[in-house]
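You will see two complexes here that share subunit A, one where it goes with subunit B and one where it goes with subunit C.
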Partner chain A sequence: MIQLVLSLLLGLALVVSLYFFARRSKPSAEGTAQQLREARQTLDSLQFGLLPNDLVERIFAREDLEYVLSAARPEVQSLFLADRKNIALAWVGRVRSAVLNLMRFHRGHARLHARLSFSTEIRLALNFAGLLTACRLLQITFYLRGPYAAPGMVRTAAAAAGRVCSISEDSLAFLNVKRVDQLENNEARNRA
Partner chain B sequence: MSLPINVTDVELAADDLRRRTLSHMPSPLERVIYLGSTRDYNTGLYYHDGLASRFSDEVACEALANCHREAYRQLLGSSVEDLVLQIDSYVQSTHSALRDFLAAWKSLQPYRVAVPAGTDPLAVEFLCGNVRTALAIWESHQDGRSRQRPDASPQPSPVL
Partner chain C sequence: MGIFTQFVWLGGMLLEGVILVRSILGKSFAKYPLFYVYIASVLFTSGFLYVIYFVMPSKNVPFYWRAQYLTLALGCGVIFEISRNAFTQHVSLDRFVRWTMGMTFGIIFLLVAIHAFVLPHWNPSVNPADLERDLRLAQAVALLAIVFLTQYYGIEIGRNIKGMILGFGVYVGASIISLTLQLFVGAKFNTAWQVIQSSSYLAALSIWTVALWSYDPAPARPNEPPDPDYQRLAGRTRQVLGSIQEQLDRTPR
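Right after this comes the complex of A and B.
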């Protein structure tokens, strides 16, 4: 009797796993083009929106803090520190979410490409892992100790994010708009 | 169908704008506010009669947009201390009464609508926070100055 129950449970587990395996969707051409476009946008937003050196240096500039502490009234100082803390948290949150998006995209699409460089993929994986950890640590630091608590880690995270962007761009050379547009045109032609 | 814009014409128009108009506005804050005001809120297109008559509407629009983005980048790179000086110079150039200016900038926040299209929201929030802080510091400097000059007569406050 026990053997029968065990066999039934095993059979059921196999059927369930087969069901989930069969449900895994294959990337359609349409989905791929959309994901490519989104990945490009994420990459652009990281490179041109969040990571430009002058913006990062400005957000975390100590000279602003020193000036405000010396020239402003206490309530203005508090307002300034609260503003900067929110901006720093928003910045690191957006960098982290963009990196996660890139990582998901890369993981989903890298297996479709036969000519991937093993060393590049390993480097990218290590950079992704290091960057996500650094972002999490920065979030905790900003939350507990304010935006000026870890200037070195900010620079390291920004540099690592820059590296991820350039490796990602090199590794996924098909991530260019021309290619995406071509893909979408093919789709449209196929649908017609 | 509109003709493609000639990049050289846009650069010439932008240079013309910098030389004739923007050179009279030393601070990026002044330039951003001015260039933002040349944009139609409904269409997002920039208009400048003089520039359009020398070039074309499209070229003038593109040149104004380029100069706006350039001035905005410079403003974003300004420190809080520099922003305080820019606000001071801007108020002097507008000849507004201090109270009117402060009331309008605190309640209407004109710098918020003066940012170029497509600007990252994080950068906008960062700039607005900096301008708010700089405005508060500038206001306290004015209070200090008016206390030093007790004969300064109060101005009527605007209805906002």
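Right after this comes the complex of A and C.
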């Protein structure tokens, strides 16, 4: 019985995946100068726009909460909590989308190599999935219990994302202006 | 023989003939030899079974299953052809698809051997649909791997190969679903099974006729990677992700 259900599920999975495969638009030319520039921007936005420690600490500052709870009226308190919740949700959403962009960049870059290490790629994919899941869990926690529900998790996610940037910075060292310009020239020559 | 069966049978042979003629006129036979050998074998067996149906009707069913196993084996060649052409610039991905299909077939044959050893009276030829479904599952796993990998890495593939994947996928998917339901529901499902099986194959042939009408070369080779050392890229990314994982493991939840 279980075997029959599994067979049926596999057949259905194939048909559904073919539907999406047929609808797939032409993939972008990964690895082009344009894409490399976007990767650079993604890293910059992660590093300078989202993750400075003082910014993260400001969003989740417990002193602010304690001050508002002790000094403000109940309607101001609820307004404050609602605002902080929205900011926290927006912050996690941006971190998550930036990690997604980085993941797309890695895949687009890795596919240019003829010989990939499959076990490495699987491990990387699982690790990316783990980080994305952690971000999703944070979003759910903030949504249900507010921005002060998981302070440890926030610090950890911020630090982890920060480390992604700093080490990715090294791995993307080849993205210097000279190299990108060279790629653009090559592309222009190919088009001509 | 009903009008629908006649229509599907003859229509199928007509489309197979058209595909083969176009492959010769468009000089694409040599580009996808395994695929066209598969089409030629199906055309030959369909013609043979058509004659048998009128000359020796009682032999039709056993001949049908033998022909089905032959085309099933050649169908694996189609998957090799798809994988080779889709991943022509990605040796490791091609190897992974072959490995996946080989492993799945290996597991299926191992299970059949264990069944035959443990149950001496068990005979797979008594219920050939069961074995066919299991072998189609191996093809489905390989096709899913191809579709997933092209999607995951954003690999561009040509019209010919896309058509092969869609056509073969429709046929394999419909076969698995109908064969499973036939085993599940029983003899009541036989008529529906025949209709689904033959219609899906006709649909696959129609897709192949359109997609392979003319030869469409594989998309141009993508740019060279800016950093040619894959191990360095993967090593750094792994290092980043490893440290993230370490940090997340310490997170109080």
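Throughout what follows, the second predicted complex is superposed on the first by the 130 of 192 C-alpha atoms of A that agree within 3 Å, B and C clash if a C-alpha of one lies under 4 Å from a C-alpha of the other, contacts with A are read in each partner's own complex, and residues count from 1 in each chain.
Convention: a contact is a pair of C-beta atoms (placed from the backbone, for glycine too) under 8 Å apart; a residue touches a chain by one contact, two chains touch by 3 or more.
Computed from a prediction, not measured in an experiment: that's the story for all the values here.
Set against each other, subunit B and subunit C differ in how many residues of subunit A they touch, and the higher count belongs to C.
When the two complexes are overlaid on their common chain A, residue A:14 makes contact with subunit C while staying clear of subunit B. In the superposition on chain A, contact of A:132 is made with neither subunit B nor subunit C.
With both structures placed on the common chain, the touch criterion links A:106 to subunit C but leaves subunit B unconnected. Of the two partner chains placed by superposition, A:98 touches none, neither subunit B nor subunit C.
By the touch criterion defined above, A:84 lies against subunit B but remains apart from subunit C after alignment on the C-alpha atoms of chain A.
Taken together, the subunit A residues at the contact with subunit B in this complex read 45, 49-50, 54-55, 58-59, 61, 63-64, 67-68, 71-73, 76, 79-80, 83-84, 86-87, 90-91, 94.
In the complex of the two chains, the subunit C residues touching subunit A come out as 89-93, 96, 133, 137, 140-141, 143-144, 147-148, 150-156, 162, 165-166, 169-170, 172-177, 179-181, 183-184, 222-228, 230-234, 236-245, 247-248, 250-253.
Interface of subunit B with subunit A (complex): residues 73, 76-77, 79-81, 84, 120, 122-123, 125-126, 129-130, 132-133, 136-137, 140.
Partner subunit C is touched in their complex by these residues of subunit A: 4, 7-8, 10-15, 17-18, 20-22, 24, 26-32, 36, 106-118, 120-121, 123-125, 127-128, 130-131, 134, 137, 150, 152-153, 156-157, 159-161, 163-164, 167-168, 170-171, 174-175, 179, 183, 186-187.
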